[in-house]
């Protein structure tokens, strides 16, 4: 195994890991605050990929510009979903919430199939095919942008949560929703805002992912499980944790793919995930129980 | 019956227990008292196996139970209750107590019968079919006690079963506790309600900052100046004396 | 017409229920018209095979529309063909239940299946009902090798495609002075890709090729960069990929991005998107010169040209699922015409005796032996500047092969 | 307090038992057979997720172990189908015990438990798809040998009745757990682990046994699937879809009730038929409608179908 291949596997793994982290950021926020496992996350990602693709194919809007438009739009969508669908139908029971998000994902996936058709779509912008020659490999520019964006977005979310009044309210609800209600915080509203922010993050991730990926009604599935592993491994609700775990998982996948073949690469991810959980159940960055 | 020698326990940098030794005689009621943060509940949790001691030895019924898991200690007959009540919220009162009764009774019917009997003893007969989390605080305290009692323990560690009760409720519970002792169960109780301590406990162990600072009868420890300084505060000894005189 | 007045609820329901249910009312309207012949169209219409399933459905429906417009089945008094759609989703168990449903609705035959595991399950269940089953794609060889007398596969199986694919590859290579010696196989690790890889590993050395690396990957594979780099390091003359559409597209784009450019060619056998018209059109640069050995039509037949024009008018993708299902339905209609009956046994016998040749596929007269159309053969295509061209067999090639591909410039 | 589950469950089960007399073969029977398999898998999930309070996302691990073990023993080692089936159920139980012991010893619960089981199932799926002995990417096809001795029946009513009997056994097992010391301990551990330990209950042991029982039943569902369809591959055995199917029926039907899984499976089937009748020709729309109905049921029957109250006398 040449050094060049190892080095490129590392770079490739980090680049992929940044994407995983991006996709997981919204999920970890929702998971950390609402304590729900959002099965619809992949479907929302897919929906945002379509939205971004439509803006490009119909109006020629670059996905990077679309981000500015889609983030608020998906915030509204996420807010509405939690406020008027998941919240009322879930009724605070974990099992029910789980099934409601599953129902939401079934609805989104199949509506996408009915509306957009089953074809695979890609965007063809010059930037999508631009690369940086690193010698050992060509780093696709979209991946570099995604990497930087993952850093910025996780930093931004961290600031939002730790340096703003809204963030303080969200954290209060996350820790003790009953107590938060007593001091006058509108818990249902904060839950919906959190879900909205999480969904907006997914939309951002989709815009950053699209130039180096594709969209089809089943495109979200590729990222759901890996996003969950990132969230739990990073410690639920932790942005630095999600970022680190995303990168770690990207690199693990990359190297296990190199050594055992890409077929067995997922085992590397899940084995690492299971080991982390079994021996450090609160994740890499989670508070000690 | 219970012999705890030189118990040490730290949490991170904080020392919770530092050389605590407690001896409880069979058939007695012993009170463990001390100011908040003295380490009383930690001592209970450690004795019952919920925390591992860093150092020290615990013997119960002649067996070394140091490092045993809580369920094993409970099966030997040493059962604790919780200061913050821990009911099985969605289960009925009957089912709650039956969980305790199952420690000795394999058959469901026997356990349910036993649960009813215990509930009647503790004045919970009217609440048998209610979900535990609908009980008021006094009811939950009794349930906590009933559940522990249903295991047919040799010794009970009661953690503030009187706290949060009004004087009438306290007065109603005291004969129940005495009755438990008379039924052959040894009692070690953490208690803040001094009236209860004074009337029930034959011996008193005073804990402060993780150390035993005094042992003796209630009257003895109440007179102990170390206790007065460390725990009761200036002038409290006098008030206590007044109370006894009254 | 009468029914439509009964209230919007009823009419909407009938509208939504699709053509299958709508035709139930047809005799009422047309009076003495003969009962329509119901044909079950079983496809994976939802889930990750939905693209292939829906393309297949389009192909079959196009043929049905044409046949009905031309007067239906004449030997049955002009009976119209009435498609009954069934969604196999992606599970064999669902496929089995749907076959039962179709049987219960009284279909004369079932067509479709697409994926091999769905086809295996569906044909076996159709056999229990004695229903003739026309396989559209389902390439696994076992499908027609199990002694099921109801099962007919119009297209070529896995073995035939691979055999032809390799023979054509050797011929290309020999004609060009053997520029290709080393091969890297990239395959998805499911039934289709792994089976293909195994077969290739066994056969390639005998044809003078050396397999220097075999890389399996799961479906979906989120990123092909590492695979591209491994291929690049192996520096093969030839890459043979076998994977599904989404992954194929991502793989091809990543190869281009990482400047992976084998000396001779990328030569797919049943490549997921290697002869997919939209892929070629959307990515003319990245897809240029990619070769495929796959199901494909003979573009020169007049019927094919009319077919392609209709597909273009409907803005459908021109893909092999469409071509095969269109052709299979014509074979089935011909058998119905000859059987002059919807009786399962008579129809099965008529299909078995088919010598029909008026399809868009380059097969010659149909001849089923143990259920397999032995005239069926794959075609070699090559993408050239955004267009899928047929390069082999030369009899109806639309372009000459470029092999080896020109050096990067 | 009368709830729908206890009232409707027994007559529905009886009607299902009599169904083959009206529909000796064909779509209704096949669909009903699938419904029973869903119910068994759901009952299995309910024991661990409902009674034990441990939501697993990886029940496919046990189901797949059942299906693959029996297939493997028959295809590769020539075992008799019945013996292989018994061994497979045993293997599933053992896998459950091992997974439970490993996970619970480390104190994992809630979402962590859910996701770690998911990871286990995914590892199994990838491994099974990677080795030739388990059929690799293709899976395992059990050769056709119709006959009672080989657990294959040409009359589709027989496997149906076998599955029906397992559903009945599942109901009885669930009721048995409810009314036993083990069930009381399980409920105690579910409600409050520390309090349970103080009463002499070993939570790890109780939860591990619960997982083993649940896994054994899931493996039974896997075995039945294999014997009816004679084919299994990695995705159909260990895929996420199986794990989702396992939790769908009992949550919809009513958690921690003996009849919930059956009622949920029935409801799911009826919903599927309904959307097929309304929008069957429109791929995608039909399933989207299914999703909407699912959400609506949860909105208006949060305790599941079995939990719907008939009289407000609570």
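For reference, chains read A, B, C and D in written order, and residue numbers begin at 1 within each chain.
As a convention for this text, contacts are C-beta pairs under 8 Å (C-beta built on N, C-alpha and C of every residue); 3 or more make two chains touch, one makes a residue touch a chain.
The structure displayed is predicted, hence computed values, not measured ones.
Common neighbours of chain B and chain C, listed by label, are D.
The largest tally of C-beta contacts between two chains is found for A-D. The most centrally placed chain, judged by C-alpha centroids, is D. Per-chain CA centroids place chain B at a distance of 44 Å from chain D. Separating the centre of chain A from that of chain D, both taken as means of CA atoms, is a distance of 31 Å. Annotation: 36 Å between the Cα-based centres of chain A and chain C.
For chain C, the set of residues touching two or more other chains reads 46, 50, 53-54, 189, 218. Touching two or more other chains at once is no residue of chain B. Counting partner chains per residue, chain D has residues 126, 129-130, 282-287 touching two or more of them.
Looking at which chains touch one another, you get A-C, A-D, B-D, C-D. Put simply, chain C touches chain D in their complex at residues 13, 16-21, 45-46, 50, 53-54, 85, 87, 91-93, 96-97, 100-101, 103-104, 117, 120-121, 125, 128-129, 140, 142, 188-195, 218. The residues of chain A lying in touch with chain D in their complex are 31, 35, 37, 85, 88-91, 93-96, 98-100, 102-107, 109-115, 217, 225, 228-229, 232, 236, 263-264, 266-267, 270-271, 273-274, 277-279, 281. Those residues of chain D that touch chain C in the complex are listed here as 25-31, 34, 126, 129-130, 136-139, 141, 225, 229, 231, 233, 236, 241, 277-287.
Those residues of chain B that touch chain D in the complex are listed here as 48-50, 69-72, 74-75, 79-82, 86-91, 95, 98-100, 102-103, 105-108, 111, 147-148, 151. Contacts from chain C toward chain A in the complex involve residues 46-48, 50-51, 53-54, 189, 215-218, 220-223, 225-227, 229-230, 233, 245-246, 249-250, 253, 256-259, 273, 278-279, 282-283, 286, 317.
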